[in-house]
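Should a chain be cited, it is by its letter among A, B, C and D, assigned in written order, with residues numbered from 1 in that chain.
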Amino acid sequence: MTDQKIAADVISAENEKRAAALKSDYAALGEKLARGNIDIEAVTAKVAEFFVAVPSWGVGTGGTRFARFPGLGEPRHIFDKLEDCSVINELTRATPTVSLHIPWDKTDPKELKAKGEQLGLGFDAMNSNTFSDTPDQARSYKYGSLSHVDAATRAQAIEHNIECIEIGNAIGSKALTVWLGDGSNFPGQSNFTRQFERYLASMADIYKALPDDWRLFSEHKMYEPAFYSTVVQDWGTNFLIAQTLGPKAFCLVDLGHHAPNTNIEMIVARLIQFGKLGGFHFNDSKYGDDDLDAGSVEPYRLFLVFNELVDAEHRGVKGFHPAHMIDQSHNVTDPIESLISSANEIRRAYAQALLVDRVELEGYQNGNDALMASETLKRAYRTDVEAILAEARRRAGGAIDPVATYRASGYRAKVAAERPAVKGGSGGIV
Amino acid sequence: MTDQKIAADVISAENEKRAAALKSDYAALGEKLARGNIDIEAVTAKVAEFFVAVPSWGVGTGGTRFARFPGLGEPRHIFDKLEDCSVINELTRATPTVSLHIPWDKTDPKELKAKGEQLGLGFDAMNSNTFSDTPDQARSYKYGSLSHVDAATRAQAIEHNIECIEIGNAIGSKALTVWLGDGSNFPGQSNFTRQFERYLASMADIYKALPDDWRLFSEHKMYEPAFYSTVVQDWGTNFLIAQTLGPKAFCLVDLGHHAPNTNIEMIVARLIQFGKLGGFHFNDSKYGDDDLDAGSVEPYRLFLVFNELVDAEHRGVKGFHPAHMIDQSHNVTDPIESLISSANEIRRAYAQALLVDRVELEGYQNGNDALMASETLKRAYRTDVEAILAEARRRAGGAIDPVATYRASGYRAKVAAERPAVKGGSGGIV
Amino acid sequence: MTDQKIAADVISAENEKRAAALKSDYAALGEKLARGNIDIEAVTAKVAEFFVAVPSWGVGTGGTRFARFPGLGEPRHIFDKLEDCSVINELTRATPTVSLHIPWDKTDPKELKAKGEQLGLGFDAMNSNTFSDTPDQARSYKYGSLSHVDAATRAQAIEHNIECIEIGNAIGSKALTVWLGDGSNFPGQSNFTRQFERYLASMADIYKALPDDWRLFSEHKMYEPAFYSTVVQDWGTNFLIAQTLGPKAFCLVDLGHHAPNTNIEMIVARLIQFGKLGGFHFNDSKYGDDDLDAGSVEPYRLFLVFNELVDAEHRGVKGFHPAHMIDQSHNVTDPIESLISSANEIRRAYAQALLVDRVELEGYQNGNDALMASETLKRAYRTDVEAILAEARRRAGGAIDPVATYRASGYRAKVAAERPAVKGGSGGIV
Amino acid sequence: MTDQKIAADVISAENEKRAAALKSDYAALGEKLARGNIDIEAVTAKVAEFFVAVPSWGVGTGGTRFARFPGLGEPRHIFDKLEDCSVINELTRATPTVSLHIPWDKTDPKELKAKGEQLGLGFDAMNSNTFSDTPDQARSYKYGSLSHVDAATRAQAIEHNIECIEIGNAIGSKALTVWLGDGSNFPGQSNFTRQFERYLASMADIYKALPDDWRLFSEHKMYEPAFYSTVVQDWGTNFLIAQTLGPKAFCLVDLGHHAPNTNIEMIVARLIQFGKLGGFHFNDSKYGDDDLDAGSVEPYRLFLVFNELVDAEHRGVKGFHPAHMIDQSHNVTDPIESLISSANEIRRAYAQALLVDRVELEGYQNGNDALMASETLKRAYRTDVEAILAEARRRAGGAIDPVATYRASGYRAKVAAERPAVKGGSGGIV
């Protein structure tokens, strides 16, 4: 019996208000889908089984190098964070796991596990940190970590990643995500080849420490914090890493980490085809690694990514089981609300992709009927699947309108009273 | 008699080592230029009179939202910063003014002025800050400052800018630069039109407080810290601001604030043509507002910007006197070295642009001889003008090789001993 | 009584098949909208009055610089093109006007007018061509047209534009669109300022020839066919043109003509605010001026543009009446189908934007509730308005499913039999 | 004894005028380099042995999809093209080979070989064409070639590539370059995975036909002519191709085929490290595949690419011998002049890269001295090596100033008299 942070009667009272409208919308949609030979119940069932992990760092207010403006009731530590994460899951029933970030979430693994069990939460991929220095760290990552020219600094970074595996192992995680800021700010600062050789050697050491049933995710990113070159700059390099390391190594795709105009869904298809898609860091972006809420700026792109995932399922790709995680920075919203909304948007894209008539689509593709192929995707995409999402939540004990229910619950005010206010301030530049 | 932070004998000893080589290079270059009917002495004289302001915030180590890795001897306050700025000017003789940032540099203006005089430094444009909150600020800028929906927040931001003018007025500055982070992270968050109306009204209030001999610089930037829209997002909006406000209002161009692939030199030309080029924040970038050292990544672009400036001088454009300022973030170098190097690069681009044969160029342009027009620019650009730059420095009392001389001086070690070490840490996201 | 290219009984037979489903969907949507206090009939009425012009060049298969692959039944001349355009309008009832391109569509204006009347088509903005040479042209545009260094070449280009006005005047058009390829391929090739001065002087001459009730649209584009600089490179320059020329001059926005990542909807807002939005060339793009079908790649962007247009209507902006035109290149589809589909997508975005609760939105904006402001837009956007679009078509005599009806009509086979087959080869848009 | 298209006495007369200045500049540069322990003669020797192939299509005036504006004396066929190529080599002594494009250059291989020998020209990589249809082609490439859904179309494209190998084999070529336009214009048009599987199978068939001493180059490109997706969209996919095919398969890097902001030199380094760098298509670009003259827009980027090549030589990378080819579109210049200039710029970047003190650089890299590492590259880059380039040309029988000498020779006027004038019109690269 889990400890609910949002009282069940709040949820049911809010659901009560919306039950009739949902019933009507769900029926109308069911009828419409039936005309296209789609069983709405089958879709709702699949949606109900689709989950995405929330990042522990996502429940705190994010910031930029210029400033951070905290909100009320900022979580003080991993236990506060887990409670916030629990709220998201209680309302959406879509986020039963949390992805931790070490060292920020470092604490006694037994306590972590107990707290998770108490809240009904499990633990997804572990995240290490070698992009910033911690107070008592022997060697600085100013000039790199796993690819640093200095062997002792590399050893320290390797050691830290192995520690993340150990913590994760103790709490039931099955994957390690390695993202690092290593790169250069000036042409000539680093020898690209030597730097990558060092990176690969360090990763090989981490790989050796990986339990048999774990996966190692490397994450590519075009730039930032390094502004001339980045060691793992794109999926090409990321693929080389996963291939060099071995069968437990996979590529993680963060939707905001690519060059302008990049066709991300195609990268997803390539990684699936060559057996190296590890999973996702979902978010949205317009310019760079903006870490905006999933689906808030380019929702069709998110759908097209899910179109590839459902296509892979449809084709029965062997060993296909990508990890789904959110990675966002909530600078101007209540982070809990943004994560609720984002989990819904991700499920929305999945539901829409499930509606694609893949037999029809293949026919249009084979007939070079580009217009109808496009229309086949768009017809699925423009279906308003909110009733399916809401019904899936409702049936699982969640909220028909999770943001409204969250607001009605008074949770934020409650934690604001318990947790001390935090002052904002300027970021890294001054 | 100014207080020298780098002993004159250090400079002369270092110059001594390089005097013969410089003499030889300068003579060879002079002979070569003479063949093209260019008098090297005239170029050297113009270069010696070209100055660029350094930003007070530039002498501290910069960072990103992920981390900041301080160096040794970080300046503790504006007086330390002014001493560091003084070092740059003593060695380059190219940076006799400093641009302040309020509130960080806020102190008794009389002391500021006295310190400046002691070090032989003047004060360039003032910079306000409404992109982050200061500890005791009544209202937060989380949702905007000069364009905030709340009138009292706008009033606070206006008041702060007027205070910047007052401080500047007391220390001899003649311009205010307004850059703000206002924008939005979600489609729909702000009404673009209402937001810009509020911005313009706030700026009009600031403009009214401007002394007659001052200029008001507004600065455009495509994105960051706002990631869906930014109020002053490009030069088009910036031009509308300057035109709406009046004759003392001008546009500031930061080289790193544009969309990918933008032809910045053309924007510079347009602003000159329509009388609204206020000046520059020099830096270099590859991806976004990377704030890299000027000329370190795309030196030809910097040259092409200066080509427009020298062309405007050549055409005798009325009222043309843009402000030159550096705005960079030095994350992996000694900031003093980066600023020395950047000041040199900026002068280098200017010197190269002075070598363009503008009569010949105009002939090729009028004859549609694209190849020779291009070659005319490139011939000037590929001239190694280091001897001119070095000779201009030497004659003004600076160093032939300012970075080497700085290293030889032991300045960094000295201030590292005086100023307490600063711990690094993570940026805004965690 | 117009001459129908698609027999009315084909339309009614096809509509018959889909009538019941439409009725059901329309009723369900009506009920759902009513819950949000929206009267579906009011929306359908507004949609039925929304029109977009098709470009005469759009009904021929387009190409790239690498190749063009014609389809069957390519139109041979403007009269064939008008018949094809008529098909689009008969099925969609959304495209009652055609935008001509001179010299390709040049013929006796009386015949043009008569043909238009016969088909029930009117004429939208005229388009001139100075980006390519015509066989018997005295002077080449290789090095520019309206901004050419040679006065006689400029005069020829001015004359051509005036001729376009005269033809347009004779057939009932009320606007001239000027897009030209002038620019440069090498730094130094052109003096930006001199070139723009010449452009402005040429445009002033054209402006003088404009009838009082006409509008002059200038169109900006970042690059292509010029690859280093373009005279009218962005909306900033475009605004300066419209402002310099006078009250009949306006800016045209082609959605594919911007730098990567540009926030186009914000440019639309700025042009509305400063009274210079002339209208649109609708299309979609992922990389550059891809001229893809409207709404096929980034449908939410199209919605956000319409959100600004409906917002301007809502605010009662004085003199607001932008021209709506499609400008696409149909390289792999039947151009008639692509234009049918695109007209629908444009109406779809309009319909969705009409559903935005603007009072609620303003409340969220004023309350800095970014999440709910975003959700307000997205709720409108994700409404499946296809039933509204179909019903508006049906009521006006068009097809419930216009592409299927077009295919059922056999029109393409008919014209393929009448019009000789065309061989493919290297590119060109005409 | 080859047939010279530019009379030797024209070259010597022109060289005579510039001999004294060159001697002086060469001596001054030699002295300066000697101070840094660099022997100018060693550099000049290496430069003299560096060659780059010119593309047969490059000597005709290029165009865009909007227009093509031919010049005087356009080559009518491959024999005219070879004569023009010969002029470039006679003056630069840097371009002894030509890269052919089939079907445009298809003719009796014996005649090709004889003409090459007569002119002193050899043949570099062969280029196939499956991006456009030829008049009597059985099946169209409108919807793809090597990745087409139709097996017979794929077979036709494979056959064409094999024919290119056969022609190449007969004339002494040792490589086939495969670039194709296959992709899609709409989401959904193609199944990414199926399409790539078909592509790989087709390439495997071509690979089988490759002689043992040949190399197969696949070329990636982000977009154009396909505007939603491209089969070989980036180096990641390109690497997978080369790896899948086998040891004779390599990746070709065209400098203009990447996403905005991409760090191309890093891609070059990765391909070298993993043994798959086949070579280059040199050109420059600002926006997309602009095909501008090498080094005309971002010369420092070209230098950074060569910095990687020289670094690989320096490190003694096994099997490292990339092919150097130019691929440009000369729209506004005399193509011969652009190719002369581009060959020089490419040699310039090579010469500058040779000047990098790699021992010093490695020291700075290992010491994390980013500023001095950058300065080490820039010091080499800003060296004006024109005297080295000119001296290398002069010694080999070429021109000190090849463009001026070309103009003095009257070659263009001569061929303009022999070859009929061509009318301009809409675009195409050939």
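Assume a contact is a pair of C-beta atoms (placed from the backbone, for glycine too) under 8 Å apart; a residue touches a chain by one contact, two chains touch by 3 or more.
Just so it is clear, the structure is predicted and the values come from calculations on it, not from any experiment.
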| item | value |
| --- | --- |
| Pair of chains joined by more contacts [C-beta pairs], A-C or C-D | C-D |
| Farthest chain (mean CA position) relative to chain C | B |
| CA centroid of chain A to CA centroid of chain D, Å | 43 |
| Centre-to-centre distance between chain C and chain A (centres being mean Cα positions), rounded to whole Å | 39 |
| Multi-chain contact sites of chain D, meaning residues that touch two or more partners | 142-143, 184-187, 189, 222-223, 228, 260-261, 263, 286-287, 293, 296-297, 300, 332-333, 368, 370-371, 374 |
| In the complex, chain C residues that touch chain B | 142-143, 149, 184-194, 196-197, 222-223, 228-229, 233-237, 239-240, 258-263, 265-267, 269-270, 272-274, 300, 304, 307-308, 311, 315, 361-362, 364-366, 368, 370-371, 373-374, 376-377 |
| Complex contact set, residues of chain A against chain B | 57, 60, 62-69, 101, 104, 129, 131-133, 135, 140-143, 181, 184-187, 189, 222-225, 227-228, 260, 285-288, 290-293, 296-297, 329, 331-333, 423-430 |
| Residues on chain D engaged by chain B in the complex (per definition of touch) | 21, 24-25, 28, 31-32, 35, 260-261, 263, 286-287, 293, 295-301, 332-334, 337-338, 341, 348, 368, 370-372, 374-375, 378, 381-384, 386, 403 |
